[in-house]
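Structures for review follow.
One chain, subunit A, appears in both complexes that follow, with subunit B as partner in the first and subunit C in the second.
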Partner chain A sequence: MESVFVYRNPEPAPPGDGTLAGLRVAVQPNISVTGWPTEAGSRALERYRAVEDATLIRRLRTAGAHLCGSTRMSEFGFGLEGSRAGESVALTEADAELVLDLMGECRAAGLRAGVCAYKPSYGLISRLGLIGLIPSMESCGILSGSVDVIRRLLAVMAGPDGLDFSLPEEPVPDFSPGACRAAAVIGVLAEARDSLPETERRAFDSVLGEIESAGFALRELSLPEYALFPLVHGIVGSVEASSSAGRYDSVRYGVRAPGAGNWNDMYLESRREAFGLVVKSYLLQGAFFQFKRYGAYEDACRIRARLLLGMDRLLGQADLLVLPAPGAAPSAGRLGEVLASFDPSMFANVTGQPVLCLPADEQGGAGFQLAGARRGDARVLEAGERLLNLRGRE
Partner chain B sequence: MRFSQRVFCGELAAGDAGRAVQLAGWVDAFRDHGGLLFVHLRDRSGIIQVVFSPEIASAEVCRQAAGLRAEYCIAVTGEVRKRREGTENPNIETGGIEVMASGLTVLSESDALPFAVSDKAMTAGGASARREAVSEELRLEYRYLDLRRAPMRDNLVARHRIFQCVRRFLDSRGFIEIETPVLTMSTPEGARDYLVPSRVHPGNFYALPQSPQLFKQLLMIGGMERYFQLARCFRDEDLRPNRQPEFTQLDLEASFVDEEVLYGLIEELTVEMFAVGGIELPRPFPRMTYEEAMETTGSDRPDLRFGLRFVDVTDVFPGTGYAIFRRIIEAGGCIKGINVKGQSGRLSKNVLQNEYAKEIVPSFGGRGMTWMRAEGGRLDSNIVQFFSADELDALRRKLDVADGDVLILIADASRKTVTSVLGQLRLHLAERLGLIPGGGFSPVWVTEFPLFEATEEGGVTSSHHPFTAPDRTDFDPKNVGELLSLRSRAYDLVMNGEELGGGSIRISDRDLQRKIFAALGLGEEETREKFGFFLRAFDFGAPPHGGLALGMDRTVSMILGTPSIREVIAFPKNRSAACPMTGAPAKVKREQLAELGLLNLGGTEPLRGTGGDGNLVDHLSWVSRIGVGAGERPAVEEALGQAEELAAAAGRNAGTEEPVRTVVPVANRMRPGDEARRSELAESGKLLESAPEVKGGYFKVAGILE
Partner chain C sequence: MEFEAVIGLEIHVELNCATKMFCDCPNRPGDEPNRNTCPTCLWLPGAAPRLGRAALEKAALISLGLGGELQPRSAFDQKVYYYPDLPKGYQLSQAHLPLSRGGGIEIEDGRGGRKTLRIHHIHMEEDVARLVHDTEGRTPVGLVDFNRAGAPLVEIVTEPDFRSPFEAMEFLKALRTRVRYVGASDCSMDNGTMRVDANISIRPRGSTELNTKVEVKNMNSVRHVGDAIAFEIARQRATVEAGEAVVLHTRLWDPDRKATFPMRGKFEGPCVPDPSVPVIELSPEWIARMRARLPEMPDARAARIAAAYEFSGEEARFLCAEAEVAEYFEALVREGVAARMALHWMATQLLPALRERKVDPGRSPVGPGRLAALLGLLARGEVNPGAAREVLLRMFDSDEAPGSIVNAGALQQESDAEHLAALVDQVLSYHPAAVRDIRRGQGRAIGFLIGQIMKASGGRANPRVVRELLHQRLSSGDGPG
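Let's turn to the complex of A and B:
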């Protein structure tokens, strides 16, 4: 079987006493580390080696973390086809792994590998040096066995970056457990629960019991438009992806189809070879919305506004929300199936809210997602850590 | 409000003291001296100070005056009086008097201004204040405010005076002003036409005239004898700094004239036009043949305000020991030189060798440059040792060399390269050494242009247009060599290196015209199709005639010394051929295109990528430049089907919320630093390391066109 890693750092762990000293962090090859192969799982970046460190990598180095290697990933991190994300942690080859979360990939990888997965609030971590696909939705996720490791990594990576133009100018919140009022009321989103098939609903209900016995009050909440999250993600995400992928022109890097007589054909043929079928279908969906149904993109952005308000309302009625974990992503398949498997996790990419995803435990407790308000990362991590500790004790 | 008693601000003078007047205009500036309010009132004629004093004006008028702001449009009644000694303002023409207001009407108020209209130098003590710099784009967007400012107002008034001068002069010489159509047929002027679709003849177009050339010749055939028009012309040319897509030319044509009549007439007219701007032009204007202009200045519009004429020195070097010159002469080339008189102090060896020979001349397309500096009775250069004493002596004589002179020689196998490079050098040196006298005007007629130019296909094409008369008529239309030796009876009026206008004596003989078309390789059929109506007119007794067109925007701009022709046009287009005020050119509604029959022009074959009716996968594949293989099609088609469903669902569910495109507050950022700099990664070549193809330190790509 192929190695989990596509590249291992030959250098030894750096000496030093930073806050992350001794911590081994694996990345995926869509995060720029100077000199490392950074093909983002795509022939569009074939043979590309990063020419400078991503901002978050620079911060990890400064804090003393050991960048131990990069792991096999899906094309542009979209879906999990060909991805081995999470295994480096499960195999204890790394203490944490960074995986881009475009529609729930980081969380799905965590569930698959049986480790905690965290998608931070949108706008906390600089995206400079990350090879992304959906700029307004993707966040750099963190996989680890320990919520505390996640918290420490987040604290190092978060913060303003004048070179990332999409990063808001907001102060960095304090992520430590005592920094916020601990969650007391956890909302259950009825529409998410009711969408589950019978057996999964029963498993989810036992998670709810677990939460209640941990001392949280449960409150049933309703967001009638919950089903529109995949719709918004599907349109906005594909439009942004099709725009972002315009940069893959076979000029500065990537596969170049031979023999093109002119510029147009060079693009057409090189990009025919550059993209796999799932990504290609997605990019052409984006082109469809841009060139044929531009109104649909505007409509999706309007619905996105409504969903943001709806989610705000829910988080006024409960401190956190609990939602079922996404199902297993297909290891191969057509675009429609890939997208559908992420339906339960897309909401957080649409709204930019933080989500901690706990995996199923050995005693049969199902995995689930714990979501908070954007920038309420400390509260999500604190409650998640409490629940994880309880599970460990049983 | 009645304005029957209104007088103009700028026309009041000391003699008006004691006179009761009504004034109207705009508040240029105001000062409040504790109850005493001074307002500079401006109309087109100038500025006068109006004083609101509680001793004269009622409390109500003073209260109203206190509310005046810049550019309020007002009417004032009052009495003129001489200013008290010591309070005169020498910066305005009416500075010795003022108007004591008794009445005030605010005609309309003004919002805060996008830029100051008032010239601060006009206020007392403000003589040294400089006019604030306003971006031209903003001036064009608010052109009506810009026109209120003195420079634009003065320019437009001067333009009017010059146009009036043209009309008066030509009227006095028996010319009549006749308008020709603006909606017309394409004319053979060489630039692109602006087309106007016809609604009643769908799919057919008028062209806006690039010049009234054909019509003015038809007016001559129509017996009008002497015609002129200040005509608006249109050319859809590529953007150039000092061009406008529409421009005004003085178009003129006369029958029973020859070159001498026209030269005399146009010189007189030019002298009168420039006199409006206080510029005296000496007559007669010198003349220079095209060949002389090219051989001695390298340009067909020579700037004669300074010397630096070329001298051919090829015959100094037959059998020279300097191999480069010898080979060039053997190859039939030539050597020309310029003597830059008395400039050796400013043209050091270093400047000549490292700047001119190594950088500047190659950028002008030259392969090399030879220089020599005359010092201590001898010529000094890095290659002077290759020349014999006789050669150097001959060179000194030919170029009239004295100590302190600098010689610059260009040698090339191609005569065209020599004159072109030296022509650019001539302008460069004149500019750099400040050899162009300020305020000087050097008109010149350039004559005897070649009638034809060679085409790449081995034929000929008209240098001017096919109706220009040749210098002789006994040529063989099939002999290309002979055709290229023909001169035309065309002439250009050039001033300070700019072409102000040009014209020619036209062909009036139909047989000669046919011969010219034959030379151009145009058959009977083709000429009839292109110029049929025009040629037919020559079958009915066409008189000999000729004329000229002068670019009036450029002429006025030169007379007034403005930095661009936009300064002498009321509502010009900007450098991108757009109007920032109106937003023209603009998109039009689909319905309008449909009405004009413009939706389905150009046949049924859709342009690649625009085919709305074509296959959806092919279309999207093309617009996103992502090839789709046959095996991939079913999956892509399925995805597009799902996208269609998503689009429909979005339409059903969208409300009226403001669209959200990002969930975080938008931050506006500038990159640190204020200077453009090359990335270190580009500098070190690191950026190229992952590229699939690199050539000579650049990314290599396929050609834009095949």
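Let's turn to the complex of A and C:
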């Protein structure tokens, strides 16, 4: 079987006593580490090596973490086809793994590997050096068996760096437990629960029971437009992807189709060869909306703003929200099936809110998502850790 | 049928910031190719654009200098097109929320009236790379120079208010003056720091319809813009008169053939907001600070100078067309030079000499202080005008004070009547024919005689005294003859 890693760092763990000293961190090769092959799982980046560290990598190094290697990933981290994300942690080859979350990939990988997965608030971690596809929706997710490791990594990686101006100039929140008022009321989104098939709904209801017995109050909430999250993601995300991927022209790196007579044909034929079926379909979907249905794109942007307000309103009525976990992502398939499998996780990429996803446990407890308000990461992690500890005790 | 033209301009101005728009690379496109590059302006995967403060400030100054209204919120979009000069696949530009809206410039319409040409909006934009076509052996190759990639630009988009090539040319000259005043660009069409595209359509005179327009590019002087517009108006009129329809497309101006030719359009789609550059929010305080940094603009300055020194509008506008010229003039006046003398010497001596030497007025080797010292000698009669002109030319190649140059060159004015009388008599004795002509009423010869006397004095004679002596001699009937 193929190795989980596509690249292993030959250097030994750095000595030192930083806050992350001794911690082994695996990354996916769409996160820039100077000199490492950084092909983002795509032939469009064949032979590309990062020329500088991503900001978050620089910070991990400074804190003494050991960057142990990069793991096999899906093309541009979109979906999980060909991805082995999460296995480095499950196989205890790493203490944490960094996986971009475009529509829920980090969370789906955590569920698959049986480890905790965290998607931080958008705008908390510098995107400098991340080779993403959907810039307004993706953030660098963290996979680990321990919420405390996630918290420590987040504390190191978060905050403006003066190099990614898209980060708000706000002070970095304190992520330590006890730094914020702990969650007391957890909202249950009726539309998310009701969309589940019978067996999954029963499993989710037993999660709700667990939460209640952990001392949280449950409150049923409603967001009638919940079903629009995937629609908005599908339009805005694909348009951004189509624009972002325009830079892969196979001139300085990437697979180049031979024999083209001029630059235009070279672009067309190289791009035909470089992208896999799912990504290519997604890029075409984006190009369709941008060039043929621009009005739909504008509508989607407006609806997105409304969904953000709706989610803010819900988080005024509850401290956190609990939502069912996304289903298993297909290991291969057509774009429609891939997108459908991420329907339950896309909301957080549309809104930019933080989500901790706990995996199913050995006693039959289902996986679930715990979502908070934007920049309310500390509260999500605190409550998630409490629930995880209770599960471990049973 | 009588037609009128409807013309709008899109003007790209490259800002003279020290660094590029979204990274810290030097903004020097002319350096050795690809020297000024980094992951951001090479558009490598993972790079993040960081909007520089200087670009925003200079763009804001241009907007205010052109009467625009800075918008409290503006943002960058991705202008998608695929071309080798843009390997990122999109250009960062402000398509939906521009930096500034409105504004305009008042020009003289060429028929004695004034006309305001309105600006629709002004937005910021990054420049693209430069393509160089070359050959390797016999194989043609396309090379890409990224020094210009990410250079800061503003685009000034006008309303379709122009009706003639003349108006377009006047507007561009006035625009260039204003942008130079705020110190944001040298606006050289020759060097490509100002690039102009014209959108042209025609319609029956008196109609208000807007017909299919044609975009014309590639003019590298203000005159070419006028020529290209004139050509395009004539071409469209001929097309319509032949019963054909004007087709929407882009044409390139060919200055050698003095004609426009159709070009293949770049594929361009609608813009989507860029998530990497934050929305630009300008506070009223920031806008007020920028406004306070705005220098006195040319119209206001010309009005003030005309009133203060009793100059005609034309004279004042001449002085104010370049900020450096106006500053030089005002410095001369502060040094005590009479305003009209300062204007006269700048217009007839200093500026032509600087032009000949290809030196900007702001870098003149003869600064206002030294020129004022020279003009002081002239005003006090210590040198005559001819010698002063000579001293000025010598001052370009010497750091010495004008007084020393006068002494060293023995150029002091000779006003001593006794001494000059001898010189006059001598010259008259050499030229009896000229004297005869004058006595017969042919006054022209008097200029010749004055010239000869000046020459005999080594250019130092006081022309007023010489003229008086000559009149004395020639009317008294003395002297040779």
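Just so it is clear, the second predicted complex is superposed on the first by the 393 of 394 C-alpha atoms of A that agree within 3 Å, B and C clash if a C-alpha of one lies under 4 Å from a C-alpha of the other, contacts with A are read in each partner's own complex, and residues count from 1 in each chain.
As a working rule, a contact is a pair of C-beta atoms (placed from the backbone, for glycine too) under 8 Å apart; a residue touches a chain by one contact, two chains touch by 3 or more.
Everything quoted here is computed from the prediction, not taken from an experiment.
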Overlaying on subunit A: subunit B and subunit C, fit or clash? clash
Is A:Ser213 touching anything from subunit B or subunit C once the two structures are fitted on A? First, second, both or neither. neither
I want to verify the contact counts: of subunit B and subunit C, which reaches more residues of subunit A? B
Touching A:Thr351, do we find subunit B (first), subunit C (second), both, or neither? first
Name the contact category of A:Gln363: first (subunit B only), second (subunit C only), both, or neither. neither
Should A:Thr92 be classified as contacting the first partner (subunit B), the second (subunit C), both, or neither? neither
Touching partner for A:Gln285 - first (subunit B), second (subunit C), both, neither: first
In the superposed arrangement, which partner chain does A:Thr199 touch: subunit B (first), subunit C (second), both, or neither? neither
Should A:Val251 be classified as contacting the first partner (subunit B), the second (subunit C), both, or neither? both
According to the stated criteria, A:Ala54 is in contact with first (subunit B), second (subunit C), both, or neither; which is it? second
Starting from the residues of subunit A touching subunit B, keep only those that also touch subunit C in the other complex, and list them. 48, 51-52, 136, 163, 165-166, 251-252, 263-264, 267, 291, 301
Footprint of subunit B on subunit A - complex, ascending: 47-49, 51-52, 122-123, 136, 162-163, 165-170, 225, 228, 231-232, 234-235, 238, 242, 250-256, 260-269, 271-273, 275, 277, 280-285, 287-289, 291-293, 295-296, 298-306, 308, 334-336, 351-352, 374
Listed in rising order, the residues of subunit B that touch subunit A in the complex are 616-617, 619-629, 632, 635-636, 638-640, 642-644, 646-647, 649-651, 653-667, 669, 671-672, 681, 686-687, 689-693, 699, 701-706
Touching residues on subunit C, where the partner in the complex is subunit A: 39, 43-51, 78, 80, 82, 84, 87-90, 142, 269-270, 272-278
Touching residues on subunit A, where the partner in the complex is subunit C: 32, 38, 40, 45, 48, 50-52, 54, 126-131, 135-136, 163-166, 239-240, 243, 245-247, 249, 251-252, 263-264, 267, 290-291, 294, 297, 301
